[in-house]
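Here it is, the structure, as structure tokens.
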Amino acid sequence: MNNPPGTGSAGGPLLAVHELTRRFGGLTAVAGLDFDLHAGEVLGLIGPNGAGKSTTFNMIAGTLAPSAGQILLQGNSVGGLPAHAMAARGVLRTFQHNCLFAGMSLRDNVMTGMHVGLASNLLGVIGGIARVRTAETAARARADELLAFVGLADAREQDVATLSFGQGRLLETARALAGDPKLILFDEPAAGLAPAECERLTDIIEQIAARDIGVLLIEHDMRFLLGIADRVVVLDHGERIAIGLPEAIQRDPAVIKAYLGSTRGVPAAGGTHA
Amino acid sequence: MQDLIELLISATAGGCIYALFALSYLVVLRPTGVINFAVGDWGTVAAFGGFLALSEAALPWPIGMAFVIIAAFGLGWLTERIAVRPLVERGAPVLAPILALLGMLVIFREAVSVAFGPDPRPIPQPFGYGRIEFGLLAASYQSIFIIGITASVFVGAWYFFERTLAGRSFEAVALDRRAAALMGINLRRVTSFAFGAGASIAALAALLLTPNTSAHYLMGIPLAIQGFTALVIGGVGRTEGALVGGIILALAEQLTMRYVPIAPGLVQGVPLLLLIIFLLVRPTGLLAARGASA
Amino acid sequence: MKSLLQAALVIAILSAIGFLLGPYHTDIYRKLLLWIALALSYNFLFGVAGQVAFSHFTFYGVGAYAIVILVTQAGLPLPLAATAGIVLCVLLALAVAIPATRLDGFYLALATLALAQLFIVFLNEGGELTGGSGGLTSYRLPDVGGITLSGPRYTVVIVLLVTFTWILLARIDQSWFGRACRAVRDNPQAAAAMGIDVARTRVIAYALTSALAGLAGMVYAFVDNTVSPPIFGLENAFLLLFMVIIGGSGSQIGSVIGATVLYLLPFVLSPLIGHHHALVFGVVMLLVILAQPRGLTGLWAARPWRSR
């Protein structure tokens, strides 16, 4: 599972990023980035502020088009596809600042995540045909399962306005899972969470990876990230300065220099939210 | 030739009225992101204020005008207090104040209709009905007056937005409300001032227009649409865009009426078609400001 | 099966009312039902899909004028004319919505505001085709399958229109498409991340509700056997918006309540305040936005005496 990049596992990587570049006017936010990610792997993407993490994330999520380079999902080029097309291909995401659908119940939020699987001819919906109704019933049951998986089963009928921030993050996770992802992108999942909630989320992410779903995390909280990632990609000024196992990354002098601008060592035990 | 020049000048004067309504939108839109369809009915209320001050009380024009414009500032301030601030402070979606302002539009219009009835009311001409003729140049006093006042308002607005700190703070609020708050810009005061100034500008436009057309309680919505069309044509990125847009719109209207052989009723369709075409073909006018505020 | 029975019962009751009323009350009842049909479809567009458009009465008018013109001037048989009218509404809706919904913000509101005004100009200046400001008069509904639909029988047609609109929109609202519309309304970015094509969802919602408005317009055309420009103007478009907001936007029952209250209120108020009920509507709508965004249905849900 922790094959070094390039060697590939049996079916090749789930996600491969080649020479990925994004320029904003004269500024190059991401420059020639390469990495790949395998099914069932948790890959962390870290770097100081302005390193290009979010830009990379947004290109893979489809909210930003790359200026150059390739994004391959199971060998198919998907770079530049819009967000909804990425989701339709099994790339689902969460948001750093929870983006829940207000005024909907938890269950409806999760069912909205099943859009791609449920979408059918509207005439069938209007006609109330049996196939549409059974799909809807099955979707409800599946939504309840997913809510149970993240521990929100009791609140499924409630309005999302009643949730705490941490519960909202869990609901976002369930909603992303509802889209039958091959790859889930987590945008700073630990941000704003209490330690107990972080542990809960770590546990959930590990279970997700165990289902052979690829997980890409961008994260500020080093302790959270190093505890969960199988491999880590470190960015600085839009370039990859290191890639490897978490333990190796912590000792990498280039990482220490870039990340801290000093020699105090990577804050393995000192993440901002720890 | 003289005929054409007179037409061009009167069209420009008409365009100035549209431009002032466009500016009224813009002054509110810049700091708040709110499209205020009630601008036309601010104008309606002010026009009837003008009727009271200039026709009923027969105040001299400068005094009556000043009185109405100051009162309109209060009206705009009150509009913001009632229909916008409670919603903004509650964190309601941006649609809520826009709908609330639609409610205010109806309230203004119907209140005027209750108070003054359905008949049009006259407003006296500040300089009578005379006109200037000088070689090829020919224009009514009123046209010259409208153009002169509008030009000075736009020079003032341009100076305010581009050259003064207070005007820049309008932009800052639009770009990033939180950053503006951190910089010590008082959001509430900027918003209040924007609505007050917007209403004053709309009032001025109504006072310039109504000596030619009379005050009528249904005058608001057409003005709101024409002002908006001017804004879309000119783009919201620049203050002078409102002026250019207003004049283009009025010229298109007047020249169509004069030279294109269609029924006079169809000429009313010209600004609407222009609005639709500009929204479809060149929607970046509005988008530029939105993009900047994102 | 149960829902079919319910629908049949509602249709039976609403139709029975139509057979009991005298001519004056029949007219009020029919127009109330038409307002309800319009409020239901406008609620889906504004309340569920979150689009502010002022064109609903324009499509009502397109439907009404289209069927009259196609039947009387072009001599088409009724079913063909009705189909052509719907197609016309959908095509016009796509022409408006595809460019307007591509962009965020209030482009749709502005474009449809202009469209609504333009439509009135077109009706007034349409010459023989639209009958100008006097509109089209003295035509009648051709017999349908040998039956003359008039009097209470035509009221049944309107009842069927309302129930059809209700059932169709309720089904869509409770489907993946209804959720997609609400998601796009609440947070387009998150909706796209769920695989929802935001622009496509908006366009479909606009075209669907506009077609329903056109259908209602076709039914309206034979209520008074006259169509004229003032009915289809902005005033009524505003009133429709107020109905949905006051009733409770996003809720079908709210739309029914809002339409009923605002349509009937002037009959109650006019002895007291003459024709100034619009002022009352404006004040009520403002109060609703400020105090209870979910309208009268929200007020009911939040009733303080409710046992928890």
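Letters A, B and C mark the chains as written, and numbering starts fresh at 1 in each.
Operating definition for what follows: a residue touches a chain if its C-beta (ideal position, glycine included) is under 8 Å from a C-beta of that chain, and two chains touch if they have at least 3 such contacts.
All figures in this text were calculated on a predicted structure; none of them were measured in a lab.
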Task: Excluding subunit A, groups that stay connected where the other chains sit - done: one piece
Open item on the list: If I average the CA coordinates per chain, which chain comes out farthest from subunit B?
Closed with: A
Open item on the list: Quick check for you: compute each chain's CA centroid and the global CA centroid, then name the chain with the smallest gap between them.
Closed with: C
Task: Inter-chain centre distance, subunit A versus subunit C - centres from mean C-alpha coordinates, in Å - done: 42
Open item on the list: What's the distance between the Cα centroids of subunit A and subunit B, rounded to whole Å?
Closed with: 48
Open item on the list: With centres defined as the mean C-alpha position, give me the subunit B-subunit C separation in Å.
Closed with: 32
Task: Overlap residues in subunit C, where contacts from two or more other chains coincide - done: none
Task: In the complex with subunit C, residue positions of subunit A that touch it - done: 61-63, 82-84, 87-88, 92-93, 95, 99-104, 108, 111-116, 118-120, 122, 125-126, 128, 132, 136, 139, 175, 179
Open item on the list: Could you list, by residue number, the parts of subunit B that touch subunit C in their complex?
Closed with: 35, 82-83, 86-87, 92, 95-96, 98-100, 102-107, 109-111, 113-114, 221, 225, 228-229, 232, 263, 265-266, 268-269, 272-273, 275-276, 279-280, 283, 286-287, 290
TODO: Using the touch rule from the top, collect the residues of subunit C that touch subunit B in their complex.
DONE: 50, 52, 99-100, 103-107, 109-111, 113-115, 117-118, 121-122, 124-125, 234, 238, 241-242, 245, 276, 278-279, 281-283, 285-286, 289-290, 293
Open item on the list: Per the contact definition, I'd like the list of subunit C residues that touch subunit A in the complex.
Closed with: 168, 171-172, 174-177, 179-180, 182-183, 186-187, 189-198, 204, 208, 250
